[in-house]
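Accompanying notes for the structure given below.
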Amino acid sequence: MSSPFSVTRIADGTYRVETDRQSETVYVAGPPANRWAFWNGHVFRDTRAAEAAAAHAARPRTAVVQSLTAPMPATVIKVLVAPGATVKKGDTVIILEAMKMELPIRAPADATVMAVHCREGELVQPDAPLIELT
Amino acid sequence: MIRRLLVANRGEIALRIIRACRELGIETVAVYSEADRRAPHVAAADRAVGIGPAAAAESYLSIPRILDAARASGADALHPGYGFLAENPAFAAACEQAGVIFVGPPSQVLAQMGSKIGARRLMQTAGVPVVPGETPEDQSDDELRRAVDRVGLPAVVKASAGGGGKGMRLVRRAEEIADAIQAARREAVAAFGDGTLYVERLVERPRHVEVQVFADGHGQVVHLFERECSVQRRHQKIIEESPSPALTPALREQMTGAAVQAARAAGYRNAGTIEFLIEGTGNDARFYFLEMNTRLQVEHPVTEQVTGVDLVRAQLVVASGEPLPWPQSALTQRGHAIEARIYAEDPSHGFMPQAGRLLLYREPRLPGVRIDSGVVEGGDVSIYYDPMIAKVIATGETRESATARLIAALRDYPILGIRTNVPLLLRILEHSRFQAGDIDTGFLDGEGAALAEALDIETPPWVRAALAADDEPSHQPPATSHQSLDAWDPWRQLRDWRG
Amino acid sequence: MIRRLLVANRGEIALRIIRACRELGIETVAVYSEADRRAPHVAAADRAVGIGPAAAAESYLSIPRILDAARASGADALHPGYGFLAENPAFAAACEQAGVIFVGPPSQVLAQMGSKIGARRLMQTAGVPVVPGETPEDQSDDELRRAVDRVGLPAVVKASAGGGGKGMRLVRRAEEIADAIQAARREAVAAFGDGTLYVERLVERPRHVEVQVFADGHGQVVHLFERECSVQRRHQKIIEESPSPALTPALREQMTGAAVQAARAAGYRNAGTIEFLIEGTGNDARFYFLEMNTRLQVEHPVTEQVTGVDLVRAQLVVASGEPLPWPQSALTQRGHAIEARIYAEDPSHGFMPQAGRLLLYREPRLPGVRIDSGVVEGGDVSIYYDPMIAKVIATGETRESATARLIAALRDYPILGIRTNVPLLLRILEHSRFQAGDIDTGFLDGEGAALAEALDIETPPWVRAALAADDEPSHQPPATSHQSLDAWDPWRQLRDWRG
Amino acid sequence: MSSPFSVTRIADGTYRVETDRQSETVYVAGPPANRWAFWNGHVFRDTRAAEAAAAHAARPRTAVVQSLTAPMPATVIKVLVAPGATVKKGDTVIILEAMKMELPIRAPADATVMAVHCREGELVQPDAPLIELT
């Protein structure tokens, strides 16, 4: 890849990116699957890993199974569906609680519940699959 | 003087209190829940006592557990911070009974000011303006109409039992009164089974301005000027400043005078805040008592910066029985200070609270910028407690320079691993209405959505270049005190990308 | 307004200037020697230009190289900081000729105030007190005796050509005059081949107190009160504070008035400092002009803290041709501020300068504590430049609370890898004479050795325990953004040593 | 080794050392041969490695050769002696410059110069042997 930028690592996670006319400080952190950057008050998520995964997933498959995951560490307050149930788009399937707020997890489309991977009262981690729909 | 103080709180305010104690030579005892075992406030205190599981109800909100910790550690005083038990009269009373100094007002003052009706009544007898309103004994249409006449237009007729906007009707013109009463009563009966109506003057485009007061046990009461807190999202303050751009000197004098009167009437002691709503501008402005906060406020640094005093130190001095360190005549308001609260939340996705590890967290170091925070790089933002992780307080000679400093600080404050409201704070501070000082409490609920939508920008090429450089597997781990330092060069030129 | 400014300096002052520019929206250009390629000031500026090898004479002191950098980068202004070329009239003149705004006074003012004799003469004509002294044309014994009478006792008779104490005699009583003249003349001839004698009043136990002045190009001159700088080691300031504990309100008024007069007489522009010696205390105190510093001082933050203004910002505003941002009537002195300078030197071993890598460097975060520094953990303290690596400025309501804050900050400021004067600073701040405000410029040269000897204490057992724990090979490297974070827990309980 | 202290690592190089009655924060950094600690405004050098080296050196040897080393990174300004020269205790043998100050390196005892390991103008690192005396 050719780029007009000269990049210097000036401290842990800190990069100076320069051209002849410009110099910017960019902060980068996180593993490839969860990469973040900061510049001048803006935050960016690096989506290349996700894009690669999406490209991989784009190959034809016999059935599309979709996992719903927790967006952050949270406690499972309520599991509203059981495997085999059919749900409509927008139906709340699980309620999480995090930071004193309830977070409903909704079905992104009409679907059938394939599996439930969490229990009420359980503390779940980000990106942990909670439920699978097909 | 207090000798050993238990800090019944966590996060940035616990650190703030511990630091004030250190300067006064007071030993500190931290308390922590299981989730906070490794939190910065635990490391900062002279000693620390575990008080239970992560859930606040079983730890930071448990009166018996906190009192046990105070007894076990031999603390002779307790500072509640803000939130949690800070305004709980039963907690203050329990401290008083246990012989532990509660750094705050007496429990009966907490009880009285905690009741909205009690506080309103007290203010009225003290001659402090309250929003005109009444629940007529006689609920006939005629009497309700007369009540509307008394409170003045525009007015709101609403269910006395209610809340949440149900059974509420706005009356702008006299002709609308009859219909409004009928409609409100119908909805009130339907929603609450009680048709009793309350009539209140509508405060239009209100600003939220509060006055810091301080009283000692020797009859001295002073004010420390005002804080403007109109930038709110759903009643949650986000940006606070002092002086308020909305106050004329005459209005400031009236409001601070009313606040001192209010504190005197309440028999107040220690630091407190009288919140007011302001309607109108300039010489037409009117102010109304909203409520009293019987504790140190989150936004107290704004006052510290413009007055040059240390409010937490003064709290400890006054709680020890000593007189206030300053007479009113020694207190001045100089320059301008603005505070922005950093929340772990995602403004682009419905302000969803964020939790996780701080992969990178670097506080800016700028002259005139103070950061009160409770987190460190590598630490976790937990799901259990308030999502406010830091406060940035900028001080300058003028409102413009303080704002410029705050903007510079936020642009230089990388927080990675969780989303925060920093990008939104910047959009607010750069907004023409904010810069003109033309903000009422409805500003953010009105404009916030548009601001939040505009937050995501295209990833600029220099950011992509830095991400690509960070991908390179070549670079070595950063220095630590345990590795060979000679091999490590933090400034190593990675490569020239021009090639 | 200035659009792009070249910072002709390094270290903390370069960072300080860059930050002020950022707030004003001025682009910054750093310069760096080969030794400073990776220095923090280079990273902080918008762009950076290399100006030569490590030796200052070939980089930071090279007028042509710095002007080349200014031209190449298109800078329309240049801030010299302090030290290096800041008070060099030829440098200011070169900037003026190149059409680059020099942020400081005009070159001819630098030239005049840089000459001790010229400055002294100017002050005398302006009516500012100078230490009485003269070199009589007629060098006869009688005329010299009359000169001693005129300057007053105690006096010093010394070689006019000399220095270093040679050919110098102290005269306390009139009877000693004749012998002193003979002895001084003999030594002067022997040492310098010139027997001309200079007679000067001896200032006993002098305090060093200076007044900050500021002048714009529109005829406005203000003062920003005083700084007390009597804690010095070999004329090197170590601790500075404001207000001075030695000044009565009357003396402050006289001295600040004299300083403004002096600045006016000099045709001064921008920020400057008039240094005075004070003799005696209370109402008997007298003050004498010592010299004028025609630049921003190292200790300027002390003044910023007590007056609430930003001196660097004002420098940039005034250099842009705008009027001073404050009339005298708007300037107030509130609270107390103390600054301690941290030097990379070893007080226990003859103050030997230290250089090396900062294995661990953590700045304390305390309310009311400001740190202006130019180093980072993992960075190198170089052998090439000034050994001052940071300034800690504590502000409080009173001298006692500011001192307590400064002590708390220094106790919480670990710097490992090189020795610093932090332990000595603590001993000075805790000294009864310092705490009583009873310090003259001879204090540290008198008591310093004893203080420095007492610095080494036995390693306490808890420090041994931490060293032993750190030996354990078991612990993992700290988190970085490049390693798996989940595996790392920075707060891991290592082990229980009670076993 | 038994100790009454509980030691917790609370951050990189930062330790909390506790007993029932006391809690102290201690900072530690550096490799074993150059170990530093900070507590409450005091700085400590860990001398155990040096002591072990001294114990090792105490074994009888046929000739005692002493290296003089640079105390910090410095530039060699002047080398005043050549191999074979005899020097008296206190004689300046090398002059270094560091931080704008001259640092004379003096002979610790009457001795003969065995070897000179530096040249004028050279930048030397701490603990680098400059000269050997016997």
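Per-chain numbering from 1; labels A, B, C and D assigned in written order.
Heads up, the rule we're going with is that a contact is a pair of C-beta atoms (placed from the backbone, for glycine too) under 8 Å apart; a residue touches a chain by one contact, two chains touch by 3 or more.
Here the structure is a predicted model, which means the values were calculated and not measured.
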Between the pairs A-C and A-B, the one where more C-beta pairs touch: A-B
Chain pair among B-D, A-C or A-B whose interface repeats that of C-D, sharing over half of the contact pairs by residue number: A-B
Mean-CA-position distance for subunit D and subunit B (Å): 53
CA centroid of subunit B to CA centroid of subunit C, Å: 40
Chain centre separation in whole Å, for subunit B relative to subunit A (CA means): 31
Sites on subunit B at which at least two other chains make contact: 38, 359-360, 378, 416, 470, 475, 478, 480-482, 485, 490-491
Shared interface positions of subunit A, touching two or more other chains: 10-13, 28-30
Of subunit C, residues touching subunit A in the complex: 38, 43, 45-48, 376, 378, 480-482, 484-485
Residue ranges of subunit D in contact with subunit C within the complex: 1-15, 17, 22, 24, 26-30, 32, 34-44, 46, 48, 71-75, 97-101, 103, 126
Residues of subunit B defined as touching subunit A within the complex: 344, 352-356, 359-360, 362, 382-387, 410-411, 413-417, 419-420, 422-423, 426, 457, 459-463, 465-471, 475, 478, 490-499
Contact set on subunit A toward subunit C in their complex: 10-14, 16, 18, 23, 25, 28-31
Subunit C - residues contacting subunit B, complex: 16, 19-20, 22-25, 37-38, 301, 304, 308-310, 313, 325-326, 332, 334-335, 357, 359-360, 363, 365-368, 370-373, 378-379, 395-397, 401, 404-405, 408, 416, 470, 475, 477-483, 485, 488-491
